[in-house]
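Order of writing sets the chain letters: A, B, C and D. Residues in each chain are counted from 1.
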Amino acid sequence: MELKIGIIGIGAMGRDHVERINERVNGAVVAAISDINKDTAIAYAEEIGATFFENAEDLISSEDIDAVVVTSWDPTHEDYVLECIKNNKYVFCEKPLAIEASGCLNIVHAETEKNKKFVQVGFMRRYDRGYEEIKHELQTGTLGETLLIHCTHRNEMVDEGYDTPMAVENTAVHEVDALRWLLEEDFVTAEVRLPKKQTTKTHAKLHDPQLILLETESGVIIDLEVFVNCQFGYDINCKVVCEQGEIGLTNPTYYSIKTERKDSTRVPSDWKERFIAAYDRELQIWVDGVKNDNITGPSAWDGYMASVTTSACSEARDTGERKDIKFEPKPGLYNQKLRETI
Amino acid sequence: MELKIGIIGIGAMGRDHVERINERVNGAVVAAISDINKDTAIAYAEEIGATFFENAEDLISSEDIDAVVVTSWDPTHEDYVLECIKNNKYVFCEKPLAIEASGCLNIVHAETEKNKKFVQVGFMRRYDRGYEEIKHELQTGTLGETLLIHCTHRNEMVDEGYDTPMAVENTAVHEVDALRWLLEEDFVTAEVRLPKKQTTKTHAKLHDPQLILLETESGVIIDLEVFVNCQFGYDINCKVVCEQGEIGLTNPTYYSIKTERKDSTRVPSDWKERFIAAYDRELQIWVDGVKNDNITGPSAWDGYMASVTTSACSEARDTGERKDIKFEPKPGLYNQKLRETI
Amino acid sequence: MELKIGIIGIGAMGRDHVERINERVNGAVVAAISDINKDTAIAYAEEIGATFFENAEDLISSEDIDAVVVTSWDPTHEDYVLECIKNNKYVFCEKPLAIEASGCLNIVHAETEKNKKFVQVGFMRRYDRGYEEIKHELQTGTLGETLLIHCTHRNEMVDEGYDTPMAVENTAVHEVDALRWLLEEDFVTAEVRLPKKQTTKTHAKLHDPQLILLETESGVIIDLEVFVNCQFGYDINCKVVCEQGEIGLTNPTYYSIKTERKDSTRVPSDWKERFIAAYDRELQIWVDGVKNDNITGPSAWDGYMASVTTSACSEARDTGERKDIKFEPKPGLYNQKLRETI
Amino acid sequence: MELKIGIIGIGAMGRDHVERINERVNGAVVAAISDINKDTAIAYAEEIGATFFENAEDLISSEDIDAVVVTSWDPTHEDYVLECIKNNKYVFCEKPLAIEASGCLNIVHAETEKNKKFVQVGFMRRYDRGYEEIKHELQTGTLGETLLIHCTHRNEMVDEGYDTPMAVENTAVHEVDALRWLLEEDFVTAEVRLPKKQTTKTHAKLHDPQLILLETESGVIIDLEVFVNCQFGYDINCKVVCEQGEIGLTNPTYYSIKTERKDSTRVPSDWKERFIAAYDRELQIWVDGVKNDNITGPSAWDGYMASVTTSACSEARDTGERKDIKFEPKPGLYNQKLRETI
């Protein structure tokens, strides 16, 4: 049985998912799309052999659609996700789940009322082989307790539409979710340093780089450099310091070259090159989960926790002070066991 | 449209392909199987929802089957592949294409008579990202001409069924095909050194390690260590020495650990761990190719060339002398352009 | 001409320097020693063919001694160094130059009065090939301005005599000097985080690990993890993030081993293994400098700046707040050009 | 006591040793020099404060000279070394010990007659930290027996004075000695492949690269690529394949740079950059040995064995055949224990 998927929003990310589902994922097909740019969407629907729905709500409620992927404009996520829950349809929603934490909470409440998880948020790092192997190693206990984590999140460059808050909300949010999942605990304080010395490669609306400090319930301290005009490539580092040793992500490389007195490996150009396998795996496991009526990925609760954490970071940045991170009690629905890594 | 695939032979390799096609490859399904172990095969067919054919020829000729995968006992490959060609069906055949070079040639002739390539041989290294990136770099020309290649092919251990000839026929054959593809030229001489000093971890019927020396038409010399009881893991190396530098495979790693005064990355345990992505990619591209009526992978001619090369290696090993590698002229059918890497 | 050196204090560090000077350094010999443990010192003096002085002041003023090395108990450093200046003798003093910043300032004043630098402080990292090469690369300008630095200073373990303040005063002080030298600017704020979550391998008097944050005049932010019971070895990292790329220390390795599914290099056991060449080079260049009447190493002023910086760190740690680092204006004597690296 | 050394031949290598002894080695001084270029030598002697001897034999026999370093024109080595032995003077002679194996044997006989080793040959790799650590690891036995060794010896480029035979005699000779020392056994066969495909960067008199195959008494097979116009730097590799794993030299690096989508470390430009510490250590240990009347470095016998091995290689290259390596029985004098590594 092929899962029939409807996709709302066919910008770059939406089309990536269409291509993924129709060309690389097993057992699913994009059967319908909806997008506010009607003409483009109709043409694209025809190209990929999908039905076009002018109204996203109709796509969601259609009997011909088994599950929904939301890749539309951020402010519309909350409504579409709620509509999916109302229709008892599984929905994969790209981050953010909602613009505000309160919106995420609306979704959490909708799910808890039905006592079922319908929502998966697009935090793909949980599906990266490096993070998975690190989590697996930490869980064996050989390295002892985790004490500190050092991270960098570097992009080669960003355009003028990317401003100071986005460093937290669009960029650091990936580490926020990945580290919560890795450590299986929540953050309690946040602090952001905006160094007086910035790169000359940035623009007026963006303070670049930034240094974020987070602390977890148990007392693990994380430092995270966000540097989105680093020029040299896409460079994700995560070093976990434990009682008996350090474990860290490597940048997977496939070849090395010795030439001109240098021995080099490649630094990826962007997140697509670095995390392509994680994106494919994320969707495959989601599709399999939907078919088995048991999804195991980042939940609406995880979307909410990412939201309250990044909000605290933003406040910390604006005030220059360390901020406590406050959140609601976790509904029992979200205590279900996570997918086993590896 | 889902491609309906029939698989002949459901041993370990066959079942791996079933799982791959039914769970990870897009656009295909295993619709039929055949195997000489009737009872097991019937049960397995039921389990995966496929039709069981007692007679492989019936599976091949069935109108319900679009393409065939041959993973049966080696001596049967030739006949099944010929039968597929007779039925104008695309066939993916695991190595070896035939037991003898003459058998491969029968297949080549069957294709050339129909003036169409139906056959792909299971040399999956051409689909490994490392080899692909190296080929891509070599083709840019930046490193100049290739002069020498240093390879190792190491397995952690083998059982007593693995004997001296298999080091060439089952193991080195992967490098034979991958390097022909990488360099786009053929080998002209072969030499095998059986070192007086062997590992104590081998058994009576296996000389381990072995050192193979190949030379190409243009004069590139390759040394290849085959060491199948190396104990420490599965370790594939390939360093290409060029006029302006060296490019080599890295063993892709995803994390590193510092503990007990060591900074370590993982060595894979076996070929599955190392080449799993290449196997998946090989089948996906084959399925896409079949659907487009244009397959681009290792051809029957490549299967023949692998056979004549490994035969020369075996003769060289038995005589202790350097042997010339002789082969038939290449039919024009096989001059079609290869798939672009990356 | 062999430089005749007198050493005050023949504990472990003093004896290391004796061995260094008498066995590996060119052009110098230990001609005299002094130590409060009279009997041990007399025996040792005999063993190495040096004169024993009961009174360190007599050693300093002796006409048979060309230059002095101070490796005595920390609280005595200031007086011995002042005595050397009074006697117009070059003196190499292990850190700390004095217990308090005010003591360092006394030494600075003694030198400025004579308008000559006599003092070198034992900050050996400036002589490590890795730091030297990084400084050289930064000075070429290719990488642009420095923005951030990420450091770790990890020891395998410490004994019960090592307490919380020592993480700053004895350990982080090395980074304090090395980074001032690397960046050629001073620190202006300090902050110390004591994570709630500590290693179980520490003892009651030591908070371990600690996270130190420093900021320079131009606005470069440094994070420095000090973790002195890390168990896995001596692990010094320093990654300098610039506008066009990142440059970092590697842990120099000389061999790698593949065994038991791991590909490993060695992590040094301690600072001796890691920095032995830097110590030898430091003394050789100091001896050469004394002979040429022109020393170029870390000065009394550098000793003073290290002291005010670590004092601010200590205060920051005790108060939990970010502290401004205040220092006296720099006398012109200390504006002399530094040694060229490499 | 400073060892007074006389140096015969003050070309580039001789002057390197002068600088080394006078500036970096402890306990020795260059007291005399001799060279056929009289005027230059007189000026240089004055510059370094040494006595000039017109006649090398006078330098050797001078009572003011404790030990001799021979860095003169290769054909003169044998006579000067014999003269040193006659005068009971320790002599450090750069390779080759003599032009022919028979000349080396003359020196061996002169020593055996006096039943004392006076001669050390300048094979500095035995003093490289990488080779030392590998030998130490092999001797622990953890990795089991050695089975194969893969080596490369690559130079960035050579001038037109460097011809085909020099690849063996001047270049591969370093591996010949280092591997004999590493394995503590001798070579019994040699083979040289001159690939049809050469680099376009070579010149008419030089076949480049070359592939040398050696076999030891116990049956270890070594492949050694000699490539002296490799363009990208000086690149020495040595991977020792054992029963339980592989141990290999790393190219020691001190920093890494991420820039322009590359993560790079430096490849040394030449042997000076790569082996400078080994050269210094070689001389220091030799000076210490002379003072203790017990030298432990490469002996006249090692010089002889290097000579017979490279001669066999040359013959193998010229004939295209595998050659047996024949040598005289080893005199008991040379069975003395080697220096402990590390």
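We take it that a residue touches a chain if its C-beta (ideal position, glycine included) is under 8 Å from a C-beta of that chain, and two chains touch if they have at least 3 such contacts.
Labels paired with UniProt names: A, B, C, D = Inositol 2-dehydrogenase/D-chiro-inositol 3-dehydrogenase.
Please read these numbers as outputs of a predicted model, since none were measured by experiment.
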Neighbouring chains common to subunit A and subunit C, by label: B, D
Which of C-D and B-C has more C-beta contact pairs: C-D
Chain of greatest Cα-centre distance to subunit C: B
Whole-Å gap between the CA centroids of subunit B and subunit C: 58
Approximate Å spacing (C-alpha centroids) for the pair subunit B, subunit D: 44
For subunit C paired with subunit D, centre-to-centre distance based on mean C-alpha positions, whole Å: 37
Junction residues of subunit A, two or more chains touched: 231-232, 235, 244-246, 258-260, 265-266
Contact footprint of subunit A on subunit D as seen in their complex: 231-233, 235, 251, 258-269
Contact footprint of subunit B on subunit A as seen in their complex: 2, 22-27, 128-130, 133-134, 137, 142-143, 244-250, 252-260, 265-266, 277, 284, 288
Residues of subunit A that touch subunit C when the two form their complex: 144-148, 150, 152, 193, 195-201, 209, 211, 213, 215, 218-221, 223, 225, 227, 230-232, 235, 241, 243-246
